[in-house]
């Protein structure tokens, strides 16, 4: 995927409404990966709706949050990627998460009786609210942007949301950076239907879902398929399967691209070892650099080794 | 820890208020592990408060949720275990999470304008609310039990909470089992200050937090320290460190007890390999059975091997 | 290689002269692998001569001893396979080594003043000679067969050789089974020029020479390339390189055939990891059965994994 | 073992007679490791005799050849170390093997009808003899020194032996450096009865015999016990067991000393994993330097890890 190659007339869904961190993410992705003017952004009322539209072909891509540096993975997105009809990650972007307490102009702190935000937003501002507005009632909104819209409509007094929401809905901050943890970052991904693959850039990630049965040593055998080919993991997370408490699957982010021979052989090895594997895409890494492959795992080392074996195998049967 | 040995006059904190799933968990733990009458249960207004009281010595133990089969780990608990002053797990219990929509007697579904629950509760009943009470306003409560208390006080119309809360606050279910995922289970742990260790039962878990630097292969080297000694992992989860996006630490649950030689040697190996390791306790496993140790990792195999080497090393220097 | 396919008019060299264990071996190989009448056997005066003829194209194959259950590897053969112009093993056979003390008819034990044998023969009958003929002079012969020929010619009184040599040279045993170790067996191999490969039989061996540099862990990394693909080693021997004391190379016999995907990938992996690798052939195993491949290493598991990855990689670039 | 500590009045056997390479080796060992005058050297008529005397307590140590850079391991020594009553290596020395053709003064090349040497000597001068004295009769002697003694006694015309033998028996070289491979080196070891252990020097080897059953992966599991603790192998050799062709045991030389914690834990691990293990001693390395231990395998890393676990395990049971 690159700006030159994005076909005109694309529609990308994102977790709306306007004014959310996801909108900031999808704009960043569009500016980075699409030529000007070719992509229309389309806010959806939920992750499930955005992905349903993507699967149905109503949109060409969908931008959703994947993990937050404070709260961890976003369960809904993981669930869709793991159990839903297959989708792949085409790109990623990291967005700093800074909460403002947004109010209508003229509202003072002491006027605030109700504060809206998404449940995850509430989880991140709990400390600030307790310390500064202990009597305000926290209200669950479908999103931080929806909370801001409700403030603009006069239905709520304040919303905990990003500054973009303030700009969008004509609100002003009664307080800024009210999250309990500073430096919070959320990783957003742009999903597509399988069948398209981002071209290798030399600094890529490959994401996999690996289902592992309960036999001792199986997880390690699976991870060895990656490590023995010099592939570095940047993320490894277990999640319970829906079948039984005590059974898990693993989400893995690894340095490298499926078009590279080391990754291709490693993914094939995982396929042979694991109870199941789902490919979530190879795509450009947004932060950090892939470590150089060890000497034994470079494309050249693979090419030479394959030529060596091909010659051995190509010999005729002796007579 | 066993019923006979729990000293009288203990106080155990739990994430209150009364009527929550955590109360159900702590009662289960008390009934299993303490003699009748020796433990007083003490609801706390939050995980942080309960653990602060525990660290300060105001209580002897604290019961908090650790992970949910739908939502994954509870960030606040993990954060305390990983970054706070050290605590250890003394016992665990699994509690089925079934939400009722609790109302005051006489309230009908059509009378409900407001529904309270903890943010995690809201996350698990979203589908049901959209389908059945699309116009009801979801209100964030500090806990499901607090929502039920607010219903009893007439401040809210309904609360999504466990049936125990209904009994406690004199409410009745307007609807039952309204969670979007059936079969949800939450794992609760009883925490204590370091310095006490549950006696081995033959079916134990050991939990560790392992800090791993970014060098390729380090994670695998660390996991090999466990696997090569025949130790089975039942949970492995990465979490971002607070220092930098892209750096992670790992939470591990493994079969076995630190009093067993294979686990002791493995934990020492992890200590040598990892950038850091925090011991979160060895404690009885509440569900499932530890697989028998492979022949090379039994206590007897360790005892024989150590005797063999001790004899070799004990020889005098030749002259 | 099979009886039907061996082309007529072949010449196979063997370590002569007639009457040696090697002749027994090469006859066994011919009877097993060549159709009647198509192969002429050609005794050579030494391993080096046989292999020189093979390399020069003067013969089509050469049978030489590779290892003995008492004495270990035959240095000369290993040296040729490791450092000489490449040759490959096409077949193997095991021959029991039983020494008779062969004399001309009429010679009694007390008449024996000189006993000839190959140095390796002398090494294996030393105990018997000391106990039974302490005054006899042991004479080095180029081979056990040559010693028997010298007895027939009246140049020596006795020869330690196999019974076949007695039949061939008209000698009789003055004593039988005089080896110090009973049950000795020698493994002989039929070598060919590279370019022909025995067809897989389902019970094959692959032999490799692997050059490993001195870095810690390299040997294990190389061996893991085989073990991680479920390949069992039946022999592993280090030998000093000629370059420097303290440096070694490794000779490996492994279950499986280079035509099988697990072995092909493993040999490619060894090629990538090792300082050097020499393929010594895939050929039918003469004794014992190859263990069944683990589920993750069957040809079917490989085919499915390769198809899975090929489909992933074959996707178009998204736009 | 060091010069100061060798007790006076010791007797060391060696594979005699005088004038052999083994005598050169044992003198080198004595000069390096024993104070002047405290050790009497005692030539034995064979490896078996020397080791029998050692086991019986008739001597304090025995010097025998272990491996040759051309011929490989010395089967008789390996056999004694592997299957005989246990002995341990106390020290090692490497001796260059250079053959002279020794004759009585006045004998010319053309006068030589018989050439004596040990079978291994014959194996190493075969090429030279064929090229230079094709008509001379090679005679097997019990040792190169015995061949030189026979020349001095007029029983043979020439002996292939080291120059030391010439000096000892008053012979002169008719030709020098007649071995087919230049640069040949033999490694000799000084054996003692178990119960004494050389003090660590910081540059030591540990030798083991490891018995491995036929199950796939067992060898690798055993080797991992060493590699995972950062221990480097300098030699690995398989040898057939006496029980069955196709079964092997392994001889391993590894960097480090059993008194070091990494080696102690590794040997214990091998004990747990292997079908059997025999300790052949920890002793100073005569050539080359042990690579520094990786950070995770230093004595300090072990001490810290053990302290960490000891503290965890020492906690009282909670009540």
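Letters A, B, C and D mark the chains as written, and numbering starts fresh at 1 in each.
The rule we apply is simple: contacts are C-beta pairs under 8 Å (C-beta built on N, C-alpha and C of every residue); 3 or more make two chains touch, one makes a residue touch a chain.
This structure is a prediction, so every number in the text was calculated from the model and none was measured.
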item: Given subunit B and subunit C, the chains that contact each of them; value: A, D
item: Set of chains adjacent to subunit B and to subunit D; value: none
item: Copies subunit D and subunit C - interface residue numbers shared by over half, same or different; value: same
item: Distance-maximising chain from subunit D - centres being C-alpha averages; value: A
item: Whole-Å gap between the CA centroids of subunit C and subunit D; value: 27
item: Whole-Å separation of chain centres (CA-atom averages), subunit A against subunit D; value: 61
item: Separation of subunit A from subunit C, taking each centre as the mean of its C-alpha atoms, in whole Å; value: 58
item: Multi-chain contact residues (two or more partners), subunit A; value: 224
item: Chain pairs in mutual contact under the definition given at the outset; value: A-B, A-C, B-D, C-D
item: Parts of subunit A lying in touch with subunit B, wherever the complex brings them together; value: 67, 69-73, 75, 94, 119-120, 122-123, 137-140, 181, 183, 185, 187, 216-217, 219-220, 223-224, 227, 230-240, 242, 245-246, 248, 250, 287-288, 291, 294
item: Subunit D to subunit B touching residues, read off their complex; value: 1, 5-7, 90, 192, 194-199, 221, 224-225, 228, 258-259, 264-265, 267-269, 271-273, 277, 279, 296-297, 301-302, 304-306, 308-309, 312-313, 315-319
